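Multiple structures are listed underneath, in structure tokens.
One chain, subunit A, appears in both complexes that follow, with subunit B as partner in the first and subunit C in the second.
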Partner chain A sequence: MAPVSKDRRLLGAAVVCAALFCVPLVLHDTFFLRVLTEALMWIGLALSFDVLAGYTGYLNFGHSAFFGIGAYTTALLMMKAHWPFPLALLAGAVAAAAGALLIGLPTLRLRGAYFAIATWALARAIQQFALVSSFTGGPDGMRLTAYLNPQYFYFVMLAVTGGTFFGLWFLLERAPFGLKLKAVREDQESAKALGLNPTWLKLQAMVLAALPTALLGGVFAYWVTFIDPSSTLGDLVSDQALVMVVFGGMGTLIGPVLGAVLMFAFKTLFWAYLSAYEVLYIIILGAVIALSVVFLPDGALGFVLRRRRTRRQAPGADPAPAGPGLAPSEKEA
Partner chain B sequence: MELMPQALLDGIMLGAVYIIIAIAFSLVYGVMHVIDFAVGEWIMLGAFTGFHLTTWTRVDPFLLLPVVFILFAGLGYLIQPLLQRVISGHTGNPLLMGLVFTFGLSLMFRGLAQTLFGFYSHSIPSHFSTGSFFFQRGDFFLTVSTVRLAGLIYAGVITAALHYLLKYSDFGLGVRALAQHKEAAGLMGVNNKRTSASIYAVYTGTSAMTGVLIGTILSVSAKMGPEYTIFAFFVVVLAGMGYLAGVPAAALLLGIIQSVFLVYLDPGYTLLAVFALLYLILLVSPTGLFRKGV
Partner chain C sequence: MPADLRAAVPDAPAAPPGGAEPILEVQHLSKVFGGLTAVNDVSFRLAPGEILGLIGPNGAGKTTLFNVISGYYAPTRGRVLFQGQDVSGRPPYALARRGIGRTFQVVKPFAGLTVLENVVIASFLRHPRRAQAEAQAWRVLETTGLADRAHLPAASLTLAGRKRLEIGKALALEPSFLLLDEVVAGLNPTETDRTMELILGLRADGISILIVEHIMRVIMGISDRLVVLNFGQKIAEGAPRDVARNPSVVQAYLGKEQE
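This part shows the complex of A and B:
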């Protein structure tokens, strides 16, 4: 894809960000602002999930661990040590990055599928640790002093998610780092033969995924003022991020955003009208994952791009080039 | 220390059941190169089916094992073509997608089980569950519960049956050929689709049957699935991926850890201990306890 069209897409993203920045200035409805803030959080989570899943080819089912580490570190430092919020937030990100190094070092030696279950098991172990420890408040969770300013949290969340998007765009689509990760995803041995260090690259990718996730977790903790092991470290955080990425389109930056917006709209409507059928939500999540894998292997974004390509392509014309990040990969290392 | 021999014995008899789960799990991986995230959910569904069949027909769960096997083997045989379609796709990363597919299945099964069977935990009643043998010599004594002994015997029988199936039947020859080289096996006349579907059926049936046994020895609940997925994975990684001969030792170790925690320490820490061990082993020797894995 020519760099011109990439730049146009970046301009589009900047315009969307600017428009989102103006929303609280014209809109004063607190409920709607709350919904938008949470939507922004999920977009950020889906984006950071895609760093490992889409670009590196490793499914991290322990994504919630980073979110929880960020949330708990921020909450503990603010409540027990009385640190100011921005400092506590940064400390949470540092803690999650250190955690990513510690978790990644042994688990990234496992091949694809085994890595997925290892991270999943580890996230459950961390959740159990938070449940049985006393300094985290155990199953009762932790309360933070409330700061009732919905606009403030909207802007902070927008800054984190927007920063994540543009940072990832630069690192993964512009800088050689994204290409290196894709090389490792396609064929680890060949990447090694080219002089790349796959283990080091994968570790970097894991830290890159952990940083924004922990920031989002910290903001989430201060925003909702109450955290417990199941809301921050639970499976549902990783599960929903996975649904958004798979449904939207893996290995791109627009795909997760699209998936997050659609799935979050569905989630909001579901909890507004069908909250009596709580269990139904997991069934639907599972069904969306399974069905989109079978019928939309490139996600909704890939489906739209392919439709547009076949429509534009006149009979007998040259086959159009593949979209960004949708190049076929024949085998997994 | 009077309880130590008892804890070890209970652990060994429980670990025998885990051997079956891990062997079926690695069989599917060997042939299709997909790890089934839903393994714990197959166990859970099997256990619930066994529970409801027993309370409905009043037949002993051990006699119902073949019925559960046939039911779930059929279900697995019907679901496998979808999975096959995902992993033989040409876009994206098919094997990763296969994993995501089984993850979706596991979420769906868990949600369905919570809807249909509720949140309570049950135990499957069996004629064996009350009886036990008691040995004593001085201070040293041991209780062998009949139901755990039956589990040990079951594990032996199923392992022998699977061994016979793989090593001495034409079907098993096809399975081993597929695991070695898919294209070459196809050229020799092994039907990839049908063999993969059959081995998946054997796996789902065996897992569900083992679920019934776990239900009689321990308990059944809609939330039990993930724990057994982690156990199955733990055994396979500990044994060394792709090294079937290491499975029994790893499974017995897991059973012993579990029962020792139950007797001496807080059972709430079992999962933490299991993970800590797994972490250390991956750090020191990523190819498993025997350094024979891939």
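This part shows the complex of A and C:
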């Protein structure tokens, strides 16, 4: 099928990636590179969060578990088993994928708020486990051997996030998988009549969300050289990814990128100038979610909102339907 | 219109025409919800290429029977044989793969997706590659008269359009057996005629059909045989003209006849 508009957008994404690749070659400011590296990480986290939230219709408040499993597996294998970083990183992704299967099997049968609560509780359980276990260092966390090369981590993060974007684009926007997920999101019972096994599809989506998240966690661990249960397994990882996706626009790939860039810019400025008012940050996050849901329905999930959005044929609901004879202007944002 | 199509209907009501192996056989099927027996010991057969109408007053168990046959409910007792194999209790997606397509009485389009996308999702079952799936979806949209609305959101369709989309999605599965649940109810006479033509066309393509419909003109017009349910039990089976004269059917379904 390959609608022209989508290919053009993909070309745009490739240009952006190429430009980002050139940044360290011309810019040698370490602080700025650090900020960009973290921004890339959040873009990746928002993208992977959207696999379940936007395409499948499941808010995973346990997203942080995948990030933490990736971070801890990488750290443990590097520090205790002396594995090289790339291997430890891949092992973290495998561990998170296995975790996704274990978490997904019981929870993906639940709907709506029950799924959110169940995943939230499981993620808290994993966090507590890391907190009370001795091999993880408990509340003291783990320290990794420092590798002080900001450029290296920038490129690795760019590779993971860029790979995530193009991988998800292929699977969700081009391959049948994305449409099948949307069918499950829209009406699970109806999807079954069309030969789709919703539980299996949702499980695949959860594994697909877990893989890049764990990679990002592993890179994060090696990059910041210190991890503890709250920084990698805590609520804030899931919550911030959620805000970025809701704010940017669920069920698209551009939305999470946009949301991540804007929210991360806000976060960076906030901590630079208002770090004395730490509590305020959480309050603002909550307010952004609430206001996004009410005033930016294009960025919000929910049956009612989606239906209203579709009826109005608002942009962003679903990028360009495929097929011949489509006027690209009709549905494009 | 359908007089010639009914020419082959045999007089013996229990056996499907031609003596061929039935595509669907329901054996002593019961479905109990708590204390309510929604379907009670129902048996019938459907021959390949046959249109079997299922009628009965509201609450007679028609939709429950549909849900058991299409795998949404497991039967409490009895069996469903499809193409000679016991498929009782198999999940709906497994039955769809075997060739059973169904529509829902309360239409269930994927509202946030386009009409084309709705059908493409069903096409993936037989055409895993996207280009082929889309080509097939376009053919289905032509058949169901929805091609001009392919890129509109499914939510924007009228009721008639949604009912056609519902049939289109089932057709895109390339089924050998189709369960149609009130696909005509709520349509105006012109739309009704078009849908009847569509259904007869499907049978001409070799698809066997079990259809629930309240509108007598439709069900009498297109069915080869009728099965009548009342309070979950089969009270009559046979050619439409015979069933219409059957006293118990008249009493239960059409109202008590004046002497």
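Definition applied: the second predicted complex is superposed on the first by the 297 of 333 C-alpha atoms of A that agree within 3 Å, B and C clash if a C-alpha of one lies under 4 Å from a C-alpha of the other, contacts with A are read in each partner's own complex, and residues count from 1 in each chain.
As a convention for this text, contacts are C-beta pairs under 8 Å (C-beta built on N, C-alpha and C of every residue); 3 or more make two chains touch, one makes a residue touch a chain.
Predicted model only: the values in this text are computed from it and were never measured.
By the touch criterion stated above, A:L179 is placed in contact with subunit C alone, subunit B being left untouched.
In the superposition on chain A, contact is made by A:I282 with subunit B only, not with subunit C. When the two complexes are superposed, the chain touching more residues of subunit A, out of subunit B and subunit C, is B.
In the superposed model, A:Y114 lies in contact with subunit B only, and not with subunit C.
In the superposition on chain A, contact of A:V246 is made with subunit B only, not with subunit C. Overlaid on A, the two complexes show subunit B and subunit C touching the same residues of subunit A, namely 185, 326, 330.
Contact residues on subunit A toward subunit B in their complex (touch as defined above): 53, 57, 59, 61, 105-107, 109-114, 116-118, 120-122, 124-125, 128-129, 131-132, 185, 235, 239, 242, 246, 250-251, 279-283, 285-291, 293-294, 297-298, 302, 326, 328-330, 332. Of all residues in subunit C, those touching subunit A in their complex are 70-72, 91-93, 96-97, 101-102, 104, 108-114, 116-117, 120-122, 124-125, 128, 130-131, 133-134, 138, 150-151, 153, 155-156, 169-170, 172-173.
Residues of subunit A touching subunit C in their complex: 1, 174-176, 179-180, 182-183, 185-187, 189-197, 306-307, 309-311, 313, 317-318, 321-323, 325-326, 330-331.
For subunit B in complex with subunit A, the residues that touch the partner chain are 29, 34-35, 37, 82, 85-86, 89-97, 99-101, 103-112, 114-115, 226, 229-230, 233-234, 237, 241, 266, 268-269, 271-272, 275-276, 278-279, 282-283, 286.
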